[in-house]
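So that you can tell them apart, the chains are marked A, B, C, D, E, F, G and H in the order they are listed, and the count of residues begins at 1 in each.
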Amino acid sequence: DKLEKQFEDFRHHLEDSGNLRERIRAVATEIDSTTRLMHSSLLLVHQTRPIPEVLEKAKGQIDVLRDLFSRIAEIIRECPGQYYRFHGDWRSETQTVVSLLAFMHWLETGTLLLHAEAQEKLALNSSEFGLDVEDYLIGICFMSNELPRYVVNQVTAGDYDCPRKVLKFLTDLHASFRMLNLRNDFLRKKFDGMKYDLRRVEEVYYDVKIRGLATNGELDGDKGIKDQT
Amino acid sequence: AGADSESSSSSSSQMKNAFSNYAQYLNDLNEKRERVVKASRDITMNSKKVIFQVHRISKHNKKEVLEKAEKDLAAVKDQHVSRLVQELQGTDFWKLRRAYSPGVQEYIEAATLCNFCKTGTLLILDEINASLLPLSDPSHEPLQINILDYLLGLADLTGELMRLAIGRISDGELEYAEKICKFVREIYRKLTILAPEMDESSDMKMKMDTMLQSVMKIENACFSVHVRGSEYIPLVGSADSSYSLIGLPDFEQ
Amino acid sequence: DKLEKQFEDFRHHLEDSGNLRERIRAVATEIDSTTRLMHSSLLLVHQTRPIPEVLEKAKGQIDVLRDLFSRIAEIIRECPGQYYRFHGDWRSETQTVVSLLAFMHWLETGTLLLHAEAQEKLALNSSEFGLDVEDYLIGICFMSNELPRYVVNQVTAGDYDCPRKVLKFLTDLHASFRMLNLRNDFLRKKFDGMKYDLRRVEEVYYDVKIRGLATNGELDGDKGIKDQT
Amino acid sequence: DKLEKQFEDFRHHLEDSGNLRERIRAVATEIDSTTRLMHSSLLLVHQTRPIPEVLEKAKGQIDVLRDLFSRIAEIIRECPGQYYRFHGDWRSETQTVVSLLAFMHWLETGTLLLHAEAQEKLALNSSEFGLDVEDYLIGICFMSNELPRYVVNQVTAGDYDCPRKVLKFLTDLHASFRMLNLRNDFLRKKFDGMKYDLRRVEEVYYDVKIRGLATNGELDGDKGIKDQT
Amino acid sequence: AGADSESSSSSSSQMKNAFSNYAQYLNDLNEKRERVVKASRDITMNSKKVIFQVHRISKHNKKEVLEKAEKDLAAVKDQHVSRLVQELQGTDFWKLRRAYSPGVQEYIEAATLCNFCKTGTLLILDEINASLLPLSDPSHEPLQINILDYLLGLADLTGELMRLAIGRISDGELEYAEKICKFVREIYRKLTILAPEMDESSDMKMKMDTMLQSVMKIENACFSVHVRGSEYIPLVGSADSSYSLIGLPDFEQ
Amino acid sequence: DKLEKQFEDFRHHLEDSGNLRERIRAVATEIDSTTRLMHSSLLLVHQTRPIPEVLEKAKGQIDVLRDLFSRIAEIIRECPGQYYRFHGDWRSETQTVVSLLAFMHWLETGTLLLHAEAQEKLALNSSEFGLDVEDYLIGICFMSNELPRYVVNQVTAGDYDCPRKVLKFLTDLHASFRMLNLRNDFLRKKFDGMKYDLRRVEEVYYDVKIRGLATNGELDGDKGIKDQT
Amino acid sequence: DKLEKQFEDFRHHLEDSGNLRERIRAVATEIDSTTRLMHSSLLLVHQTRPIPEVLEKAKGQIDVLRDLFSRIAEIIRECPGQYYRFHGDWRSETQTVVSLLAFMHWLETGTLLLHAEAQEKLALNSSEFGLDVEDYLIGICFMSNELPRYVVNQVTAGDYDCPRKVLKFLTDLHASFRMLNLRNDFLRKKFDGMKYDLRRVEEVYYDVKIRGLATNGELDGDKGIKDQT
Amino acid sequence: DKLEKQFEDFRHHLEDSGNLRERIRAVATEIDSTTRLMHSSLLLVHQTRPIPEVLEKAKGQIDVLRDLFSRIAEIIRECPGQYYRFHGDWRSETQTVVSLLAFMHWLETGTLLLHAEAQEKLALNSSEFGLDVEDYLIGICFMSNELPRYVVNQVTAGDYDCPRKVLKFLTDLHASFRMLNLRNDFLRKKFDGMKYDLRRVEEVYYDVKIRGLATNGELDGDKGIKDQT
């Protein structure tokens, strides 16, 4: 009868979305492994290995990520309009991806990886399967957390120009975030933490400055972190 | 039995009548509360904007920034605080305190912050209340902010002053930071005595803890600059007239 | 200077209101003791002592209560307009008072003690020092909590008509409360609890009815709880 | 520059979705008021008012609901593909709607309101703006919670055949739910609660049966609750 | 500087000395507390056994069961409660109350339960304290249980009486259950007045809630038996002299 | 009957001890006010006012405290042997008193206020109405919490020798506490917190030392905090 | 070097036990599915289907369970002595298995499934891979929770001898459990719940008895639940 | 009968394991006292006492520990295969033991105490009664938490080469841990904390380096912490 038929349909429906979710989680787990590898490589930057060398290994994984995201996109394509139904299953991993890509991009160019550029790197496409703006922003906050440590270790290794560059970058980034009217949520909390990163970098810049160690490059005429490599 | 049945159903209808009165009372009260809450939210939002504006201050733009902040603050008062006047007549002033208290506290925060930046002193409650007198027309009791909300707002002020101090240090204005530090310590000391005497002092107790954190953050920042500064002097000598402890250009302009 | 003066003034003001609060609390504590005595007397109703006897002792305390409330009113008169500043210091005791008065009234008349009647019993006066409507309503909810226990014990004592009467009363009361537009606050929570009282009384009525013990008084032709006294 | 432009865009984006969310919440609040009215009317069923009379008033609100849902649908149409991004903002209200509609439908026909029928009543359309299956199922669980109370009151009022019918209905419903492979989530918890409803109805049926009050209608030859109206 | 160094190290050694005194004090106190806690645990465990024994009661074995329970209870007193006598001299009686209170409460529970089953009345504190006098030799102050522990024990007693009542109903002794019901209601009524006046009344407040639950469980059970019993009578008639409401054989024998 | 008599006696007993408690609480509240005044005076030490000046005002309150404690002692004398029954009603205030006295003593002499000395200052007497040892120890822990802030502010004010002295003092104090066999209670928790004070002072000393600001006084040849006054 | 070698070993060790755990969890999930199937079949007993028919389907799954447990045993055999390291990963499923087997056994024989018998049914072996005693006991408690419902439904279906048998069984079981000195843990809590099952069964027995419906079989001379089939 | 016999057996079983657990807990408490003594001695390292002197006293306790562990091993030998059943009763104490031994070992040799070495020191034997790998790893994390404080105090005492050595050690240790695929459990959380230790040591190294205080020993040519003694 109709009742049985309905519940039979529901069973299929629930199983299907259960399977879908599992498939997504499986890919998300792979993304997690990949980012852990990348992160491990990138950590060497704190031991002042040359940046190109450090980036090389990490870059090798971007193709892998691209492939993994395309697999999620493919899965989502099976259930049009339900991107946000399953979003929670891959978002935290995506935020980590953004933070790593943005860190790499910054090491290379000294500039912020834009949302559009992040999508491009991951071969995503807003109209089909895009990068959620809040995930992007949270990822950027995570990246900011790495910078104080980077600056400290760079100075230790003798790169006295680094604090100036990072300070300029973080100051601009912080100002940009302040333009946003954030709700009282996770993103807001992450953003609030950014000001401590800023303060620590200011201190290091000051330490270098008073010792006459800082080169006299103007903060405005910044030429990117890339110069140092 | 007929009479009984009547009396029962009449008692039941009496109850219904009474409850429709209660319903009317609750509806009126809720609507008024809703209006007060909305006004309070608007006061909060706009006061926060004033505070935001104050934080845009730097060594070089003090005057413009503060002028704008004061203008905005006056607008908050005229457009939003004024909305409370006719609502808070009689016992409603205390009955609805929870509904408007957050807004009033934030307003206090903004007003005292502006005033501190301009004069370096604490704006006292009498002055604030005097400034509210023109809002009321003669037929109403004037709106007078109570001590409790004033003190609660003051407690929050210290958090803003902490942010201000940190910003000033980044900007090289160490002395200004030290002035803030002294000011905040003094407020903390004063409130130490008053806080436990306040109505529902548990809120205030939490704020006191936060306040002590803020005081210590300023102190630590001053300490940090001080010991770092101690290294500076031997290097460049005190002859450097453009001496600035950090001397970063002002990014926020 | 004026700063010192302000804080000095504040200290005096807060000390004054602190003292006032203490005086109110002292009276509230006495109200509490009185209601405990009343409650203890009223508990005898569960041992099926004759209602008039049970009520007699409790009624003796109403004069005491009236006196205590007049003392609070007097204190409040010292700070006009600040009734609601100190309201929290006696409201929970007042709610208990209402619940006891309403229970007594119901035992005697089978009807609900109205707000105006409650004020009258306590010699309160809305224009000066009245009974807050929400306190009244909360007190009524507390009274409702007593009814299931009462019904159970009455049936055990052989009064099989009691469930029907109480069910009628509670159903009407519940319906009346549903007319109110409650916010998501303490009163709402208490009212939500009333539905469990209602359900319990329905179950007791069911237990009696299904065993043919209920007299066949119709729910509509209810003659009130008072008949039994 | 590009950075500024990006954050300017983000600001608009965040404000837009904030506004959208607020508009949805406003409609959801209206749905909540409407369902409270319906619920109030339906409660009279426990006082054994004739079902048609009880239903009439509640039915009058269905048009209102239909209208409200069409307003949410309209809002969602502004951001295609983001149904599930905002789903949390109206789902709990929707579950209540389903529970009321299903209770009314059951009172009228003795059968379960199917998902498709629920959509129809609300003029929803799976392909555009449908009723989420899990919301439907949760709503059905809520409806089941009302049944024990209904049975108790019906028996009190002398309808001894009601327990048998309800037991049959609930047993079938419970069995249908058991076909589903539920994840360990809210729906699962609600469904787990259904077994207490079932148990209570079994107990009432037992009470009726053991006293020889049950009519000898066979459980299999059930003709639906509608007969009684 | 030499003198200073001496004074500093002497102040430091003074501190060490003082702290070794504090350490001694704390060690003694902790050891005593440990002994008291152990005694309290033994009292608890063995009192619980007495309570367990009382619950073995049935219509037919009352006398034997209670005799055994009383013998065991006396043993608890002589072997374990006695251990508290020399520990709780002077201010330690109140200082260590937390350490022994659970045991004493459980003892009260057991003693009052036995007594109720035997006499149907409440064993009062004076009687209990009189029974403790022989434990002390003349050189010690006698151990006298305080009101608070007595009342807390009484509160727990109602839980046991509830179990007893349910058991008696199963066993067909409805009147006995009703007697318990009355008794427990009366204790609850008495404690309603006293509870809020007790030291640290929040514990007691929780116990009062539990107690009301227990009272209502007994009342509901009596109700249940009563309405069920109402069906019984028309079936078998009141002539049945072996009338028992449930009349199950006693499984627990 | 004896049952009634017992409960009547209990009520009298509890009322009496309730009154006693209230009288104690009233004195304790006064102690609290007094310590707040003292605390407020002592806070000036962070603004590097000269220590003698700071101490003077606070010292003026010691007589008041002495008097208040003698009042509690007097009340306790009414119920011999029950010191610890009511101990909870003044202990937290007493701990604060100890912490303030010990802080003052340390500012003056650079040494720890011993238990016997604390009793003396308050004119207490172990054999009658003494200072509980655990209260004393907890008070000392509270005092330790003040030290990191003090050190920071002293350094800012140019006293570079302060961290060394405080570190010496705290290290000794911490070592002394470690001699105690603490149970898992409030005192233990407070003592565990002392290690954070120690760590913070170590860090301040480090900050001063690494910048060559510390005078080269040896840790062993400490001359006490008193020198600075 | 040795350090690297050690961590390399650890990595293998952790991966191995991670894999092991996953393999166990996979089997445990299968056990869960199987017991859900069994439970579904057994639920028909409440709809008074003939016991042999009900049992038949459920019994068919015992082989499956046996196989699944042998798979866990096999996995555990790979890590001798570590039964209890992974025990938490299958214990809750095992408790459910015990409860179902014990219910089936009781339906068939009217007696308690003993621990040794449970092991036998599952082809377990104490010396290698046994059934933990506490898991067995918890499973038995779960089974007891099903009995009141069973009794109610049996009586409804006209089996008036059932309450007597179940009461005898539960009384004995409860007495046996009382012999154990249980710690204050999960098992104790489950056991405490058993007394409510007992009370409900007593009530049903009473209902049947007073109506003269109970057969006069003596409780002592119980011949097992099996007679009824 | 069999039922009684079974529960009699269970009673013995439960009592036996209760006793066993109590005996283990008694030994664990002794381990706790011993480690507190050791910890007290080791704390002197922060007051820059000569390392050999500091270690001597602590080393004296290792024999005691060895003896205590052999007592646990003996108890466990009574119930073969149940090591992990009781593991929770001594694991937290064991982790502390590992952390202290590892800290001592590092002070002496500048290298990490390996798992095998830790077992050796405690005379444990993997095949009988070994040191659980996760307990070992958690202990190592605890040790890492001590290092920042140690470095700060060493620099204060003028040992400017210490940060470099510790940084090298911690960096390697951290990298080793990163090789492990940690589950989301307690160990993972502790390991996540290690990065804060690393960061703090980097900062100290930075402080030393930027002031030209660091000797120019290369990070690679590290000769171990032992040199400094």
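As a convention for this text, contacts are C-beta pairs under 8 Å (C-beta built on N, C-alpha and C of every residue); 3 or more make two chains touch, one makes a residue touch a chain.
No experiment lies behind these values; they were computed from the predicted model shown.
Remark: among chain pairs C-E and B-C, B-C carries the greater number of C-beta contacts.
After Cα superposition, the angle needed to carry chain A onto chain D is 180 degrees, rounded to a multiple of 5. Of all residue numbers that take part in the contact between chain G and chain H, over half occur on both sides, making this a same-residue interface.
When each chain is reduced to the average of its Cα atoms, C sits farthest from chain H. Centres computed as Cα averages put chain D at a distance of 62 Å from chain F.
We define each chain's centre as the mean of its Cα atoms; on that basis chain C and chain D are separated by 36 Å.
In chain F, the positions touching at least two other chains are 211.
Among all residues of chain B, those that touch two or more other chains are 190, 193, 228, 231.
All chain pairs that touch, listed by label, are A-B, A-D, A-H, B-C, B-F, C-D, C-E, D-G, E-F, E-G, F-H, G-H. Interface residues of chain G, counted against chain D in their complex, comprise 40, 43, 46-47, 149, 152-153, 155-156, 204, 207-208, 211, 213. Interface residues of chain H, counted against chain G in their complex, comprise 2-4, 6-8, 10-11, 13-15, 18, 80-85, 87, 111-112, 114-116, 133, 137, 172, 176-177, 179-183. On the chain E side of its complex with chain C, the touching residues are 182, 185, 188-190, 192-193, 196, 216, 219-220, 222-223, 226-228, 230-231.
If you check the complex, the residues on chain H that touch chain A are 171, 175, 178, 199, 202-203, 205-206, 209-210. Residues of chain B touching chain A in their complex: 166, 170, 224, 228-229, 231-232, 235-236, 245-249, 251-252.
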